[in-house]
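In order of appearance the chains are A, B, C, D, E and F, and numbering begins at 1 in each one.
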Amino acid sequence: MARPDGRAPDQLRPVTITRNWLRHAEGSALIEFGDTRVLCAASVEEGVPRWRRGTGEGWVTAEYAMLPRSTDTRGARESVKGKIGGRTHEISRLVGRSLRAVIDFKAMGENTITLDCDVLQADGGTRTAAITGAYVALVDAMKWLRRQRKLKNNPLTGSVSAISVGIIQGQPRLDLNYLEDSVAQTDMNVVVTGEGAFVEVQGTAESEPFDRAALDRLLDLAVGGCTDLAAMQKKALSG
Amino acid sequence: MARPDGRAPDQLRPVTITRNWLRHAEGSALIEFGDTRVLCAASVEEGVPRWRRGTGEGWVTAEYAMLPRSTDTRGARESVKGKIGGRTHEISRLVGRSLRAVIDFKAMGENTITLDCDVLQADGGTRTAAITGAYVALVDAMKWLRRQRKLKNNPLTGSVSAISVGIIQGQPRLDLNYLEDSVAQTDMNVVVTGEGAFVEVQGTAESEPFDRAALDRLLDLAVGGCTDLAAMQKKALSG
Amino acid sequence: MARPDGRAPDQLRPVTITRNWLRHAEGSALIEFGDTRVLCAASVEEGVPRWRRGTGEGWVTAEYAMLPRSTDTRGARESVKGKIGGRTHEISRLVGRSLRAVIDFKAMGENTITLDCDVLQADGGTRTAAITGAYVALVDAMKWLRRQRKLKNNPLTGSVSAISVGIIQGQPRLDLNYLEDSVAQTDMNVVVTGEGAFVEVQGTAESEPFDRAALDRLLDLAVGGCTDLAAMQKKALSG
Amino acid sequence: MARPDGRAPDQLRPVTITRNWLRHAEGSALIEFGDTRVLCAASVEEGVPRWRRGTGEGWVTAEYAMLPRSTDTRGARESVKGKIGGRTHEISRLVGRSLRAVIDFKAMGENTITLDCDVLQADGGTRTAAITGAYVALVDAMKWLRRQRKLKNNPLTGSVSAISVGIIQGQPRLDLNYLEDSVAQTDMNVVVTGEGAFVEVQGTAESEPFDRAALDRLLDLAVGGCTDLAAMQKKALSG
Amino acid sequence: MARPDGRAPDQLRPVTITRNWLRHAEGSALIEFGDTRVLCAASVEEGVPRWRRGTGEGWVTAEYAMLPRSTDTRGARESVKGKIGGRTHEISRLVGRSLRAVIDFKAMGENTITLDCDVLQADGGTRTAAITGAYVALVDAMKWLRRQRKLKNNPLTGSVSAISVGIIQGQPRLDLNYLEDSVAQTDMNVVVTGEGAFVEVQGTAESEPFDRAALDRLLDLAVGGCTDLAAMQKKALSG
Amino acid sequence: MARPDGRAPDQLRPVTITRNWLRHAEGSALIEFGDTRVLCAASVEEGVPRWRRGTGEGWVTAEYAMLPRSTDTRGARESVKGKIGGRTHEISRLVGRSLRAVIDFKAMGENTITLDCDVLQADGGTRTAAITGAYVALVDAMKWLRRQRKLKNNPLTGSVSAISVGIIQGQPRLDLNYLEDSVAQTDMNVVVTGEGAFVEVQGTAESEPFDRAALDRLLDLAVGGCTDLAAMQKKALSG
């Protein structure tokens, strides 16, 4: 029961993080999990959304999208359809929530950072790559704000990364590619801090309900994967 | 550290399920979790969406929405805004996915059932009430199909219910109302089959990341709550 | 030529008005005309639309909508379609206009009340039930404003209710249900004040033009029906 | 209490009907009620909407719109706003309904005629001018269908025209211009067949409810005005 | 190889400019190039778009649209479709850009003029008729501003007109009608000032690429046509 | 009057074409004109749009878009705004038209190729880079169709590339970057075949009208630039 690309069940795909891929953005990273490629850009804007004005606190939000031909068959553009689909909405919200978990908004002041995560090529795990890459772009945007002397303290209270795990023919596996994802019985996306605590746990029974033992094994795998990703983020940011 | 309504930490709010609240729908239930009231209607339609035609399999989908004044301050109608918000999309998808986990689509034939879950009044836990009530409406819609002699076998492979759990000031609690939900450090929605297996686990760190021990305690609480809900569903359906 | 439910030609269906059906709204009523059930909620908001600012006058507006399965066959949600249909627009405007006919806007000050009329179940006459129920919710919202000491005088200059009338096989009838409505030759909705004056008269020849005598008989019936409805509103509000 | 343009209370504004103003349309008329100018075009299309297919019956529908600078201050285009307003919807529906009242759909066969009524300049009474002019365009479109040998019999069972009436400072007046319309206490649009029967009666209390006597006087005025309009339609069509 | 309407290759269709066709607009013209009829209205509004505020400069913009039955077969309304098509967008932008080329925005002060160009009947060359007619409406709107004493100096630095040219069966022709336009190998729209300089040159190879010699011959034709149009604009404005 | 990046007036920026940048698309290229980066993907689909069915001819279309942070300040997503802007529409149409000029649709059979041109980073000339890169992707998609034995003959009748030219302080320059583009007096985009013939000429006077001599010099520059681009396309495709 070997994996399609020969990996061990607890092995990540090759991960590449190309920091500052974009020239204009205050922070950016092109992140690759195998053939999955997500371009993450952090944009700083003075001010905060209306409902937050006057609180002295900042805001971090995210928008996720897929290029039409990132996938095997071309998908219609959401701009052409005139509306955003449920999946896009759901992932955008997940990415924003995950990053907000490691922010001290008071320390940010009334600034907004928007993380754009655009999937250039998709092969499973786009949302987890997006979260992991967006964190890198976010760190650089925060550094930019400090260089502009707009912040006194570092608003980041930790790091965050994410990985998918799933059960295929009874075997728990780390970092599913598209082929594996489409046949998994159970599929889970886990967002973990650099210190190993959970920010988000989203497990879904795809074909049949799962028990507590399966859940436990998947969480173990995910925490291990995120530990590796945290090290890669650190290395990319130390360059 | 008493709860606002005096409940024990592992106690559900009063739950009421009024079956067949609607005259036209093939199945319906008005479900109440305390002051939260969700009207669930199951609509049967012959045929399936285009991408499923010719497979011989059925389909189950859901749409969740809130009436503008179900909440404390009036929200703008999504029909007037001309688009559906991210939260609505996300919950609609969750309800549909949860119900599909207990369906044998082959046994359904090419029929579609749509579950409309409209929140008439909101006080926390609307998505879990929606799932729990929609299951009741779904059972009646399946019975209707059988009475119409459109099904030979029962497509339902089990029952499903859902509950929210969260940690407030360090204390794990079952079935949060709005007041509790808005101050929870960690918030989790858990969907469980009548046999106690997980269909969906969605945990979110609202203010700070959570550890494995907290996760375990929340899952225990949720499974207990869903056991009670499953009994109430059974009772409502035996009427 | 008996009516499908055995009523006399000039007889209303059983009418029920459940005041304060909602906990959050400043005024609310669940109104039933036979099997037609409309939930009416009044929401008070400080301030008025831009075009009315600085006039010292208030504003009252309404939004009408049907739940997807309020009807015999499920209708697509307008939020999902991304636009509001002509019928919805037309009825929302009618409800707002009808209520504004009994308001002294100067006495309201720059406050806005929005009446949401959501049809939970439809069996003909939903717009007339909406107007009749919305008036009850509006009265309670005005009372709320006075309790908040935001008003000195009562802005209501009278009461308002509405009923449908129509001609079926030559016979004028009061308060048509869906079955009757769909076969009526002429169909009229009449909005009448508590003092018996007309606020709105909308008569439509469905299958063939009508003459002055028919119009007169329908108006007589409608005024009679609204007299009864006004008494029921009064009773509901005196509770 | 003279009228702003010196007319008698029961006098129409000068009416001009320029038949076949357009070269491409199967029927067309530029109609003027004083300074109000509406371009009416009838377009014939083979086939009927999906819900009517296979019935052997035709369909007639209408779309009303205002050019952005038809009015005193420029209005935003509905195409730019991305949605149609309530007033536009309401009038489009009224025009379509009014014309359908004089059609024998069986005689039309499965053909559709769409009446586009575009207001080039507005000075009150645009909806009544639209109905009156659209009838002329419709007659020519029916003739076109007969010349194409697509119809055996004439589907028109009569003629239809419309006029506005209102009460200003207690005086009932025919065919209000914009200035009068904006100060009317009661405003009514009446659609009448060539034989003097009612197709639609829409009366609205603008500032205060009206009684039966006022209603009667307004209906008398309207029937008189439509008698004149019917003669003008006849004359235009005999050219 | 005669032209369908017998014109010489370098001959314009009959051009009519009816100034002040509208009563409400600050400037207006109904312009006809043969059977093409475009109604151009200039609307003055105090203030400028947000991005231009505080610059002391004015703004001129345009919106082009076609009535549904201006063409041979009826086109769906963009307001009903809920979005503006690419062609509409493209022409609106072209008209605005062309007019802005002859404006001194400093002299305009912070005022905005919107040119609405609505095609009542189309027979080729609608965009060039729109530019030519909009200039006339714009001049009158500027005069209106001066009469209102809102301008000290004339912001117009010259005049502007436009014409289409194309190659049909090897022959360069001026001012194509629809029939010619649909078979042209090369199609060009040229916008020229009253002094013969280019404001916009848009040439498109419809069926096969064109060479420099063809381009030169088309430009010669266009400049000749625009010289004639400039004279007609002048005459219309001197009335 | 040196150029900001020290280039000669008739010198292109460094151009890079990375063929097959994407794994799923039937043809793709990442094209760079200096800091401008556009990802071009060709997607083959069986069948053609409805209006072309049964003609035996194929279709080629294009969609252009910019990532939100491709530019100096973040732009709102068109998918979030729910509509496509005029500039996007205009460029999408230009790219499609340019490619269709070198296609023999009969030889394509009823197949559709969609070219997605997504701007990852913008520094002027994005539309010309898009056309130049899209041609490379298109060639590979045609090869893919031939390998699938869906085409007998090569539908490509030539190659096509595009470049911008403009006049800055009186000096004609080739391939403007963003800085130059924003100050140009005249700005022109020219699409040229591999044989040096024109497919599209779009010249715009940005600040003042231009004369024939200026136009001629710009066209000379553009043809020279496109000759170089055609050689680069050839080299990329020979790899």
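Everything below uses one rule, namely that a contact is a pair of C-beta atoms (placed from the backbone, for glycine too) under 8 Å apart; a residue touches a chain by one contact, two chains touch by 3 or more.
These figures come from a predicted structure and were not determined experimentally.
**Student:** For the homomeric pair chain A and chain B, should the interface be classed as same or different, according to whether the shared residue numbers exceed half of all numbers used?
**Tutor:** same
**Student:** Could you state the distance in Å from the CA-based centre of chain C to that of chain D?
**Tutor:** Taking the average C-alpha coordinate of chain C and of chain D, the gap between them is 27 Å.
**Student:** On a C-alpha centroid basis, what's the spacing between chain D and chain E, in Å?
**Tutor:** 33
**Student:** Provide the C-alpha centroid distance between chain A and chain E, rounded to the nearest whole angstrom.
**Tutor:** So the centre of chain A lies 50 Å away from the centre of chain E.
**Student:** Going by the touch rule set out above, which residues of chain A reach two or more other chains?
**Tutor:** Where chain A meets two or more other chains at a single residue, that happens at 82-84.
**Student:** Beginning the circuit at chain A and going via chain B, which chains come one after another?
**Tutor:** Chains encountered around the ring, chain A first and chain B next: A, B, C, D, E, F.
**Student:** Would you mind writing out the residues of chain E in touch with chain D in their complex?
**Tutor:** Going by the criterion above, the answer is residues 22-25, 28, 35, 39, 41, 43, 45, 63, 65, 67-74, 77-84, 88, 114, 116, 118, 120-121, 123.
**Student:** Within the complex, which stretch of chain B touches chain A?
**Tutor:** 83-87, 89-90, 92-93, 97, 101, 158, 188, 193, 195, 197-205, 208-212, 215, 219
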